[in-house]
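Have a look at these structures, which come just after this line.
After this come two complexes, each holding subunit A, first together with subunit B and then together with subunit C.
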Partner chain A sequence: MLTNDILLLIISIPLIGAICISLIDKKNFENNVRRSSQWTAAFTFAMSLWLFTADSEKSSILASSQNSVCLVVMTTFLMLISVIISQNEIKAELKKKFYILIFALEALFVALFSTADILVFYILLELIMLLTFILLGGFASNSIYAVKFLIILFVGMFFLLCGVIYLISVAEASEVTTLINYAFNFKQECIIFSTLFIGFAGLALQFPLHVWLPEAHAASPTSVQIIISVILPKIGAFGLLTILLPIADGICRSLSTYVLWIGALTTGYATMAALIQKVARHTAAYSSIAYAGLLVIGIFSGGDIGRTGAFFHMISHSLVLTMLLVVISIVENRFKQLKQQEGNISITLQSIPYLLNFALVPMLSLSSIPLLPCFVGNFLILCGCWKNHPSLCFIICFLLAAGGSHAIRTYQRVSQGESNLKKIYLTKAEWFCLASLAVTIFALGIYPRMLITPTDQRIERKQ
Partner chain B sequence: MTHWPELLLLIYISAAWFLRKKCGKEIWGFWAFATAILIIGLEEWMIKSNLSSTSYQSGEARIKLLLLISGCAVSYILKAKNFDGQILTTISVLGSLAAISARDFWKLFFALELAAIPLYRELMRDKSPQQRMILIVLPPRLFYALLGSVFFMLATILIYFSTESTIFGEVRYIVSFNSGVVQEIAMLMILFSIGQKLGIGLQHFTLTDASLVKTSSPIVLCPLQTISAIVFYRLTTNIFCYIDGSWIISTVGLVFVLCGSFLLISQQNIRKIVACSILCHMGMIFLCSVSPFSHDGMQSILCIVVAWNTVILGIYRLQEWRSLQNLDDLQMASSQYPAFTMAVTILFLSLLGFAPFLGFWSRFNLCQALLGWSGGALTIYMISCLFNLIGLAKILDCIWSSKKQPPRNLQIDPEFVREIYFLALAAIVAIPLAYRVLNTENMEAYFVQ
Partner chain C sequence: MIKYVIMLQMITLLANLMWQLQAHREKWKYASIILSALTALAATWFMVQQWIAPHSEYAPFYSFLENPSCEFGLLSDSLSAIAAWVICTITAIANYYSTGYIRKNIAIFLTQINSLSLAAIMVATANNLLQLYAFWVILTVISCFLADFDKKKTSLKTISKMANLHLFGDIGFILSMAALFHMWGNLNFDENLFVGNDMQLKKFEFISLLMLLSVFVKFAQIGPSRWLEEAIWSMPIPATVLIHSVALLPAGTILIIRLQNLFECSEFIQHAIVWIGLLSTLFYSLRAVFAGSLQKILAYSTIAQAGSMTVACGFSAYGAAIALFVSHAFSKAALIFAIGSVIHALSGERDIKCMGGLFEWLPKTYIVSILTIASMVGVPLTPFYYSRKILLNEVLGVHSSSVLISCTIITIVFSSILASAYFFRIFYLIFHGEIKLTETGLAYLSEQNPPIIYSMYAAVFFAIFSGVFFYYALYNDVIWADVFVFSYGEGPSAVFMFTIANIAGLCGAGLICKSIKPITIPFKFRLNFKINIKRLRSINEIDRRFFKKFYLFITNKNRRNHADK
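== the complex of A and B ==
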C-alpha cells in the first residue's frame, strides 16, 4: 500500500470514529462512547505506526517529508493518551460532543502535517483554530479564555493569510516544493518573512503572542491542554521549519540574530515566570512557552545541527510535557477524591504508589539529564547556536540550568514526608498512559537516531 | 444570443397568473427555474459539442445560471405558501436577466426597475394586524426605494444631454477623452442608485421589524441584489474608471466595511447581525470594484453574492420560525438539535468569511486584490476582519457554550431543518462551485469590455 493511501486512512479513521460516536444512543451510552473512542484512537495510532515503517520513497502527494510522518505519529500517539486520560474528566452528557471535536481535530492535524499545499495548510489551520476555540469555549472553566485565544491567534492568522496570498500571486503556485524552488527577490522575501513569521510565531507561542496560554491552560481539562500547549505550538514551529525557512532562506539568514533574540526573550521570560508559579498547571504552561522559544532558536540558528535539534525537540518535549500533564491530572483527580485541603499535594502524590517514580521521568528530562531526550535536543540546539552566537549559548545554558534546578527542587519538595492516607492505586488506563510515555521517552533518550536519521536524510535530499 | 430561459419564465408567469385559481399552487416557480437552468446547460453543451453555432457572450451564461439558481432556491423556500412571492421572484429574475445584457443606460434603468417590482409590490402589501404600523414602516421604505430610481433617471438624462448618447461604449469613449463635472456627478448618482439597490436587504433587516411586518421581500429581492453587485462592478471597471471618483467609492467602501463589522460586535438579534454583515459586504463589493485587479475582484464579488444569498435564505427561514429571533434561542437549539445548529453555524461562518466555506473565498480574493493595490485599504480591511472575528467569537460562544441556562423544549419543523441542511450544504458545495462553475478566467470579456 502506498504512503498516500495510509495517510488517507489515518485521516479518515478519526472522522469515521466521530460519526460513529455521534450515532451512539442513550442505552449503555458511557461504556459505548469510551470503547469506540479508545478503539478509534488506538487504530489511528496503529495506522500511523504502519506509516512510519512504510517505504517513504513511495510518498508523493500528501506526505511532504519524513518530518511530517514523525509529527503524524506523535499526534496520533498524544491523541490516544488524551482520549484515555479524558474518560474521567469530562461529564457524561458532554462526552459525545467532546470526542467528536477531538477526532475531527485529530484528522485535521494529520492532514495539516501531511499537506504539501500552502493554501490547504492555511485552510486546515483556520479550521483547527475554530474547532479548538469551540473546544476551549465548551470545556474550559471560563469561555473568556477561548475568546482571547481566538483573537490573539487570528491576528497572526491574518498576516499568515496575506503571506499565503502574496506567495501564490507572485509564484502563481501553491505547492510548497514549487515555492521553495522559486527565486524570490529581496523585497519579496522581506514581505514573505514579515507576514509568515508573525503568523507562525503567534502559533509557536513567541513573546508577546503567548499571553493567552497560561490561563487557558490552567482552566482546561488535560486533553485540551495537550492540544493547546503541546500540539498547536508544534504547528507553528513546523511552519517555520518547513515553510518559511526554505522559502525565504536569504532573509531568514539576514534577520536570524533578531529572531534568535525573540526566541531567547521568550525562553527567558517563560523560565523566570515558571520559577515563581505556585500552580503546577501554570508551571507546565510556562515550560511549554520556554521550550517553544528554544525551538525557534534551534530553527534559526543557521545550521542543520540546530534545525535537527529543534525538530527532535518538537517530538521529545511534546512527550515529556504530555507525561507531566498526565501526572498532574492524576494527582488532581486523587486530590478531589480524597477531599484534601490546599497544600497537601505531596501527601496526595505519596498516597498513589508508583506515581512518584513516573513523575521523576519528566522532571529529570526537563532538567536535561543525559540519556533523556531533552538533553539531546538541548545539546543539538546549543551546538547549532555556538558557531554564530556563543553569547546566546551562555544565556540559554543559564536559563536551562535555572529551569532544570527548579524542576528538581520541586520534585524534591513534593517527594518528602510520609502519607497516612489510604492508598489509591493507578488504574489500568493510567498505567498504560504513564508506562507508554515513559518507555517512549527513554527510547528517544537512549536511541535518538530513531528521529535524527530521517531528519538527516531530509537535509541530504534537499542538498 | 438566445433568450429561451427568459421566454420560458414569461410563459410561466402568464400561466401561473391565469391558472392560479384552477390549479394547485405547488412549487411551480421551482420547476420553471429548474427547466431554465437545464436549457442553459443544454445550450452550453451543444455549443461545446459544436452542435449549435449560437453562443452567449463569454461569461454571460454563467451569470444567468447564477441568477436562475438563486431564483430556483427562493421559489423552493417560498413554496405554495407564498404563490405571489414566487411570481414576484420570477419577475425580479426576468428584470435581472435583462440587466445582464443591457448595453444602454436607459435599458439598464428599466431592467433594474423591473427587477425591483417586488420591492414596490411589498410596499403596498402589509399583513400586519396593527394597521397603524404602516405609518411607521412605509414612509422610510418608500423614500428609500424611490430615491435610487429618481437618481438613476436624473443621471441618465444628464448623461444624455452632456454626451448625446446613453450607450455604454459611446459614453465610455467620450468620457475617456473629455469628462466634465456634470458627467462625473451623473455617474456618481448612478453608482449611488445601484448601491441603494444593492443595500435593499439592509433596509429590510433594519427598518422593518419581523414581529410587526411579515414580508418575504428579503429573499424575493435576492436576484436584484445579485445583479446590482454585478452591474456595479461592470460600470465601475468599464466607464467610471475614467472619472476621478474612485477615491469616493473606495472611501465609502472602507467606511462600510469598518462600520458593518464594528456594529456587528454588539448585536444579539440575528436579523441585525445579517444587516451589519450586508453593510460590510456592500463595502467589500465597492472595494472589489475600484481595485485595479479585475480578475480577483470579479471572483470575490461572485463569491460574496452566492454566500450572501445562501445566508439571507437561511435567515429568512429562521425568522419565519418565530422562536429563533436571538442568538440565545440558537443556544437552546444546540443542545436538542446539534446537527441543525451546526448547519446554522456553517452559514454564519460562511457569512463572516471563514475557511473553508464560501465566504472565505470572497475574503481571500479581496485580500489578493487589495494586497497588490493599496496597503492602507488592506490594513483597514484587516481591522474589520478583527471586528468580524470578535463578532464570530461571540456568536460561537453564544451558540455552542454549554454553560448557559438549561434548554427549554423547542419544536422544530422537520421541513425547516431539511432546508437549513440544504443551505449549509450549499455553503460547503459552493467551494468547488466558486472555482469551477464561477471560475472567472474567461469572464473578463463580459465584465471588462
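== the complex of A and C ==
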C-alpha cells in the first residue's frame, strides 16, 4: 500500500513541477525556472530513495518489483543530474518548453518502469517516443536527426504494436503476470518473439537499428543525450528482460545462440567503431551501443547469473556513461571555441583543476577495472555465458580489453602537457553532479550486492 | 594481526592525500615516513608471530557477490605474513628515499607508491580468485600511472604497451575464473581439489594454460617481457624499486602458490612451467651480460630471477620460491637504490656510458653497492646463496625425468655464473675504469643527501641479513654447520659450486669489460642549473672549493647567454 502511494507521488511531482514551470512569468524568469526545476527534480529523487528503502508489497495496481524500483531510482537520479547540468546549455527563451518536456518524460519513465500492464507499457512507450522526438527536433542542432530517429524507431514500434495486439487477442488479458502463466504453443511463441524482439532490440540499439544514435548524440545538448543514449536503451533491455523473456521462454532458449551472436556483432562493431572516432561524444555513443550489445548477451545467456549481470549493467553503465557525458559537456561548455578536438581537450582539461581526477572514474570503469561497477557486470555476464558459449566469451573478453586499453591510452594522452590558460574552477552545480556520480559509482563497484540481492528475489518469485 | 598492517597502510595513504590537498606544507612528509615505518614494524611483528607459531586464519570482511559466492576478507598465514613483511619494509624504505629523491609533486608520488603496496598486500591476503584478480589489475593500473609520473611524451608508448599487454593477458585470468566457477561452484583457494577423469583433466589443463598466460605477462617471462625494460626508466627510481621487488614478483609467485591445486593436477602443466622458467632464466641472463644500457641489465636480471622462481614453482618447491622472492626483493631494492643514488649525484644522468671511475666521489654508494652485489651473486652467508641452495636441494630430491633435472641444475649454476658476470660488469662500469666525465661534471658530484644514504643503508642491511632470518624461519635448521660442510647428500657442495661460479663470473666480467672500448662523453646537464645550485646550497658539508668554482662557472655562463639574447 505504502509503495503504491509513493509511486503515485513520484509520478505526480514532476507533472506538478512542469505545470508550475509553465506558469512562471517573465519577472526574474531564469532564476525562478532554475530553482523550481532543480527543486522538483531533487524532491522526486528523494521520494524515489524513500521508495528504495520502503518494503515492497506485491499486490498493487502499479506492480513494483525491486528490479523496477532500482531503475526508478536510477532514472530520477539521472534526471536530477541532467536538470542541473542543462542550466547553462539551453537558451533562455526555450527553457520553459525544455523543462516541461523533461519533467513529462520523467513521469512517463517512472510510470513505464512500474507498470504491470503490457498495453499501458506500449502506450507510455509511444508517448515517450513522441516527446523524445519533439526534444530532438527542438533542441538538437539539426532537425534531420529527429526524422532519422522517428523513421528507425517507429518501425520497431510498429512491430511492437502488432505483437502487443496479438498477445492480447490470444491470451485475452493484458497483465504481464497472466501472460507469463499462459501456455502459448510454438507457433504463437514464434510470432510473439519475432514481433516483440524487433521492437525491443531496436530500442536497445542492436546492430542494424543503432545507426541514428551517434550523430544525433553529438548534435544534442547533454540532458537529451542522457535520455537518448542512456535511458532509452535501458527501456529496451528492460522490456527484453521482464516481458519477452518470461512470456516466450521456450523459443528464447532455442533461438538464444542467434540472439547472442547479434549482441556480439553489435558489441564488436561498436567497439571497433569507438576506437577510430575523433569526436569524444561519438566515442561515448558507440560505447553505449557496445554495452547495449553486452546487455542482450547477458539477458539471453540462459541463466540467472547472466541475467543478474545484465541487470547490474543496466544501472552501473548508465551512471558511468552519464558521468563521462557530464565531463565532456563541462569541457565543451568552458571552451566552445575548441570544440571536440582531443589535442585541445588536453589543454582545456589541464586548466580546470580536479576535472582530470573526476574523468578518471568513468575511464577506468569503462576499461572494466575491478572495484568499479562495469567489471562486476562484465564478470557476471561472462560467467553466465561460459557454460554454453565459451567461444563467445573469448570474443567479448577481447573486445573489452581493446576498449579498455583504448580508454586508458586516451586518458593518458589527454592528461599530457601543461596549459598556460587561466585556471577556471568548477562551479558548485558541477561539483555536485560529479561528486555524487563518483560516490555512487564507487559504492556500486565496491559493494555490488546492494543491487544484486533484490534481483535474485525477483527471479525466485517468478519461478 | 594483518588487519592492523592494512589499517596502518591506509592511514599512511590518507596522510598522503591530506598532503596533496595542502601541497605547500612540507611537514606532512614526516607523517608519511613515520606511519610507513610503523606499518613495517607491524608487518614484522606479524611475521614473527607466524614464525613462532604458524597458523592459518581467515577473517571475512564483507560479501562481494552472492551467486559466484565471493567474500572480501583477509587470510593470514605464513605466506601472506612473509609477503606483507617484505612489501611493507621496502615501501617504508622507499618512502624515506623518495623524500630525498623526488623534487616535484612528491605528495602525488607517495600516494601512488603507497597505494601500490596496499594493493600488493591485498593480493597476498586474498582467499579467493576474485579478490586476487581485483588487486592484480589495480597493481597494473597504478604502475601505468607511475610510468606517467613525469608526464614525458616518450612514456605514452610505454604505457600503451603496458596497458595492452596486461589487459590482453588478463583475458586469460578472467576466462579461467569463469571456467573454474563452472567446474568448482566457487572461487575459493582452499576447498577445491581436482577429482575427475581424463576429460576433466583436459579441461583443467586448458584452464591452467589460460591462467599461465596471465601469470607470465605479469611475471614478464620469455614472451611478453618487453614492457618491463621500458617501464624502468619511464618512472622514478623508488617506483622502479617497488615495481621490481614488490608489485611484479610476489603477485605472480603468490598466484602460483595459491593455485597449486590447479597446477599440480597435470604433469604436462608442471613441465611447461619449468621449461618456460628455464628458458627465460637462460635467455635473459645471456642478454643481460651483453646488454648495452643499465636499464636493460636491471630488467633482464629481474626476468632471470623470476624465471628461477617459476622453475621452483614448477617443481612444487614453494619454500624455495618464497626464499628466492624474499632475497631477490631485498637485494634488488638495495641495488636499485644504490644506482638511484648514482643517478641522483649525476643530476639525473642515466646513461652508463657517462659513468666510470666514480669510486672516489661516491664512497658510500660504492660500499653499499659492493655489499649488495655480493648478496646478489650468492656469496656464502647471503640470502641468495641460501635460496639457490634450497632450490638445488629440492630439485635433487624430485624423482622425475632425469633430462629435466639435469637441465635445471646446469641452468641454475650457469645462470649464477652469468649473474655474477653482469653484476660485476655494472659495478666496474660505474665505479672503476676510466673517468668519462669532464671536470665540470665531476665537480657536481656529491652524495650528501641524508634520506638517500640512510635508506640505502637500511636496504643493504636487509639484503644481507634477511637470508639468515628466513632460512631459519622456513626450515628451522642449523645454519652455521650447514655452510661449511663440504657435501650435501648426493649433490656437490653448494659452497664449492657457488664460489667457483662467482670466480668464473668475475673473470667473465673482467674479460667483457676489457673488450668494450672506453668512450668519453661529456657530462650532459639535463636539469637546469638553478635547481642544482639550490640543492648544493642546502647541504652544509659541501666542499667549498668545488662549490665556488662551479658557482663562478655557472654564473659566467648564464650571463653570457643572457648577453647573447
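In this section, the second predicted complex is superposed on the first by the 451 of 463 C-alpha atoms of A that agree within 3 Å, B and C clash if a C-alpha of one lies under 4 Å from a C-alpha of the other, contacts with A are read in each partner's own complex, and residues count from 1 in each chain.
Going forward, a contact is a pair of C-beta atoms (placed from the backbone, for glycine too) under 8 Å apart; a residue touches a chain by one contact, two chains touch by 3 or more.
Worth saying up front: this structure is predicted, and the values here are computed from it rather than measured.
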Subunit C versus subunit B on the shared subunit A, clash or fit after superposition | fit
Please state, to the nearest 10 degrees, the angle that the Cα centres of subunit B and subunit C subtend at the Cα centre of subunit A after superposition.
-> 170
After lining up the shared chain so the two structures overlap, which partner does A:V376 touch, if you call subunit B first and subunit C second: first, second, both or neither?
-> second
Max touched-residue count on subunit A (subunit B vs subunit C) belongs to chain C
Once the shared chain is lined up, is A:A435 touching subunit B (first), subunit C (second), both, or neither of them?
-> neither
Would you sort A:A146 into first (subunit B), second (subunit C), both or neither based on which partner it touches?
-> first
Tell me which partner A:I452 touches in the superposition: subunit B (first), subunit C (second), both or neither.
-> second
State whether A:F154 touches subunit B only (first), subunit C only (second), both chains, or neither.
-> first
Taking every C-alpha pair between subunit B and subunit C in the superposed model, the minimum, in Å, is 42
Would you tell me the residues on subunit A in contact with subunit B in one complex that are also in contact with subunit C in the other?
-> none
Partner subunit B, residues of subunit A touching it in the complex | 94, 97, 122-123, 126-127, 130, 133-134, 137-138, 143, 146-147, 150-151, 154-155, 158, 161-162, 165-166, 168-169
Quick one: which bits of subunit C touch subunit A in the complex? Just the residue numbers, please.
-> 62-68, 130, 133-135, 137-138, 141, 144, 148, 151, 153, 156, 159-160, 163-164, 167-168, 170-171, 174-175, 177-179, 181-182
Per the touch rule, the subunit A residues reaching subunit C in their complex are 304-305, 308, 364, 367, 369-371, 375-376, 379-380, 382-383, 385-387, 390, 393-394, 397-398, 401, 404-405, 408-409, 412-413, 415-418, 447-449, 452-453, 456
In the complex, subunit B touches subunit A at residues 338, 349, 354-356, 360, 363-364, 367-368, 371-372, 378, 382, 385-386, 389-390, 392-394, 396-397, 400-403
